[in-house]
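Listed below are the structures to be examined.
Common to both upcoming complexes is chain A, partnered first by chain B, then by chain C.
So, the complex of A and B:
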């Protein structure tokens, strides 16, 4: 509801608009300069944040806009990772091409998963998608000749146009793709699809009587979010250089969902904040001697209790208050 | 052969069912899928273990105190964590229970460590029943019996007491229930208390069949949700039967189709059932004009 109102209101005030643009530009410059200021591990964490942000952006279409819960995004992420890795390592396809080919493949799977899920809601949908996640993970695990099974797959550094992609190179590639993803998400969410999804979330009956084909838009939302997850997966595979079916479990799906909610449902900035929360906070807590899990869990609870609209909702409220 | 498999499946299924009932009580009344239910039950079970092992109470006393602890735990958690979230997005509350899940798990890990304990059962040394030559463990029979007793008691409570009627009213329409003088925060607290209580019973009954450690419930929780969805979440008996069916299906799929794909096949069955009946086998459709 608030999201819809905000979308309509955005073009209204010019100063807020240019302020936001300046902030986005500043963030982008900071992100470009970041590799200069951090060590190898820091760079890894930053890349991981961007990768998770991509997944969260995609999942946000489904959960934040269309109100559909998915617990199989770790599998989309995994299928994307495996498809990219197999195409690059075994078939010798160039990295960028296999990244998008893998994503196209995963998008098709996402659309297929969406079809039986159309009639399901809430927990029923969560369990059905969880089931698909288990099935996909199992297929990856058992198809040993192709995926290496439980032993996993070790990957060599990818090449783009003959040059080996270093960690910094991968960071910039991820940054570019995430920026494109952001731009795409921004456009789709403000366009016909985004508005249709928002109506579907509030009431499918109302959407139907407005001539919105709810089933079609739900399939589109599933497909888009699978595409984002798969691109992220293809990047992740070459970030860690070793993939294993165990990495793409239900637990990761639940983490993706938490990122979206922690950041703020239905907000694009929230997806990035949520991903950053999930990557950075456990790192900061690593120094605490007793049970970093305890503190992380407590933080999760506290964020939800004090900011039910997520981190982004909180920021926006603070911003609005300071402007008055 | 098949009878043995079915009985084994039922034994596993009734473990899922115990957890499933606890989840569904909270879910039906508050709309919140409580992902911390498993860890709440685990904590109560560890408490019972400590009462027996550390304090030296006999089984029955320890179990009763732990069940009371479960009730209290549910109410406290509802008051501290869930109450501020009433009226907010349901997903926020669900993620909060997820955080709670992590908190309780590490808390138990800090107190009792991550080693495994064997939880005693008063029925451990009773000989199994023989039904037509198939041995059935006493534990399973007790679990199924206790599950049925809980379902009957809950149904009676929800149908024939004022508090129970209030709970049902709140679960159907919070605004109207409030206009009728039902306190939403109170019904939510009662639901969480009951969930905690049943969870503690489930933990104490489940622990002897598994090993007691901090991950006691993590496998059961997802299966309980899946079985509940299969049966239909708004019918207690549906959840019970769904969980039992899930256990049996798992065992049969593992033996006759492929042991490594047992989980995947079970989930495919659930998805197939849901495409035909999106509200679960025994679930009723709630018509909402929205």
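So, the complex of A and C:
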């Protein structure tokens, strides 16, 4: 009856759903089998992709859904890494427990960082979070007795239930945690919190008129995204086995933000694609003599110019076209 | 029956007096039109009631509860629904999902359940989706449930914005120029919907509107603002016969 409704229908058919489910299943099987087909360095890259994907999934709540910019997520990542490492190495707490205790601690810091975001917007918020990031990095640097300061911390292999965690073991642990993170992100995206964040991004006045406390949900978004970043940090520490404050600089925060934007703001698949792009593409460009950084930078520009909806938006468009 | 009272409300923006000592009230079950020339302070008054603007002096009361110190979210939770002049919808979401946002207050699961999508989440989301379907049917737009809001004509979007207010378990509804941009068929339908809401749920409705035939046909009472001051308050026939109203507003409208 209504013409406009007929012109643009959101594709939600059963076949599209089962196709998507089959694709996700295939990706998961490939990820499970991957350690069989790659060497040690390949395994390292895959684990790193999953770790970054976890950060991007969390940051997507904040930036993709709620529309808030953060330049301190490398610091959340770093606090998670240090807290996990310190608890495991110095206090002898089991690795998995340290991982979650460190994340809980970082979540609390994330909620505190959210306080200025209640008053600040856009570029002003970005600068405030930049300041927070610098402060957190500086605290890690100066607290030498606990963190080893600029000299960093070298870590021994973690143990789970008495067994030493090999590189393959860490890969699978990361895969499990990333899958859980993905599941949680997907659930929130179709629940009341995900919807509330989307409204806040659009209009805080509209959110208020619907009974949604914008301030409260911004704090929640900061806290969840800090939790994801910290879990990823705790995995990263044991992937590289050596951490120092320099590893968690503003540059990394900007990379995290780019992953979310390149993948596609507000999309869960995009967070994973963005992370993969950031890890894998520079590796593929290594063959180009002297110029990998240059080509990678240009690629970033091209993606943004020709795919403003990000890699995921591009894939979705292609999928829609092929079904027609 | 609940009473929404606007008591001696003044709003100053810098040196400008947007509202001066405005006092009137409305009951649930009544439809009141708020009219006046551009710049009379009508939208400012709606903003005061819904907590977007704080009164400089005076207060707004719902029964015994003072609203004027509350946040807009808290006022919405008290059962005051607001429909904006320009629909504030999320363009990239479907009609159904936009309406689902308005079920926020009736969904009572925690973040942890949401992350794991526990059975209570699925059950509550299911019943919210049913309520959304009910409102879509009431508004007569059930067949565009899956359409993206950004692709719909303006009149449709205004109806969806109204639908959001209806999902919020409200006792009062504030409408800002609801028929601007609607065609004759849509205006007639909106009128039926509003009368139906009063009849079935006893909603109190405060409507800002320029279209005289529409307000005088719909409202029990008209309140007239001019330059921030209340100049008339009474049944449409009486108000429209008031000489002061004629000169300040209707004269202008008739000339135009």
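Keep this in mind: the second predicted complex is superposed on the first by the 312 of 324 C-alpha atoms of A that agree within 3 Å, B and C clash if a C-alpha of one lies under 4 Å from a C-alpha of the other, contacts with A are read in each partner's own complex, and residues count from 1 in each chain.
Rule of thumb we're sticking to: a contact is a pair of C-beta atoms (placed from the backbone, for glycine too) under 8 Å apart; a residue touches a chain by one contact, two chains touch by 3 or more.
Small disclaimer: the values here were computed from a predicted structure and weren't measured.
When both complexes are overlaid on chain A, the residue A:135 reaches chain B alone and has no touch with chain C.
Within the superposed three-chain model, A:281 lies out of touch with both chain B and chain C [touch as defined at top]. In the superposed pair of complexes, A:184 makes contact with chain C only, with no contact to chain B. In the superposition on chain A, A:203 contacts both chain B and chain C. Of the two partner chains placed by superposition, A:314 touches none, neither chain B nor chain C. When chain A is checked against chain B and against chain C, the one touching more of its residues turns out to be B.
Of the two partner chains, chain C is the only one that A:193 touches; chain B does not reach it. Once chain A of one complex is fitted onto chain A of the other, the partner contacts of A:93 are absent, as it touches neither chain B nor chain C.
Of the two partner chains placed by the overlay, neither chain B nor chain C lies in contact with A:167. In the superposition on chain A, A:111 contacts neither chain B nor chain C.
Taken together, the two structures place residues 202-203, 205-206 of chain A in contact with chain B in one case and with chain C in the other.
On the side of chain B, the complex with chain A involves touching residues 27, 33, 81, 84-85, 88-89, 91-96, 98-107, 109-110, 222, 225-226, 228-229, 233, 260-261, 263-264, 267-268, 270-271, 274-275, 278-280, 289-290. Remark: chain A residues 63, 69, 116, 119-121, 123-124, 126-128, 130-132, 134-135, 138-139, 142, 202-203, 205-206, 250, 254, 257-258, 261-262, 265, 290-291, 293-294, 296-301, 304-306, 308-310 touch chain B in the complex.
If you check the complex, the residues on chain A that touch chain C are 1-2, 4-5, 7-10, 12, 183-184, 187-188, 190-193, 195-196, 198-199, 202-203, 205-214, 220, 224. By the touch criterion given at the top, residues 50-52, 71-73, 76-77, 81-82, 84, 88-91, 93-94, 97, 100-105, 107, 109, 111, 114-117, 121, 125, 141, 143-144, 146-148, 151-153, 156, 164, 168 of chain C touch chain A in their complex.
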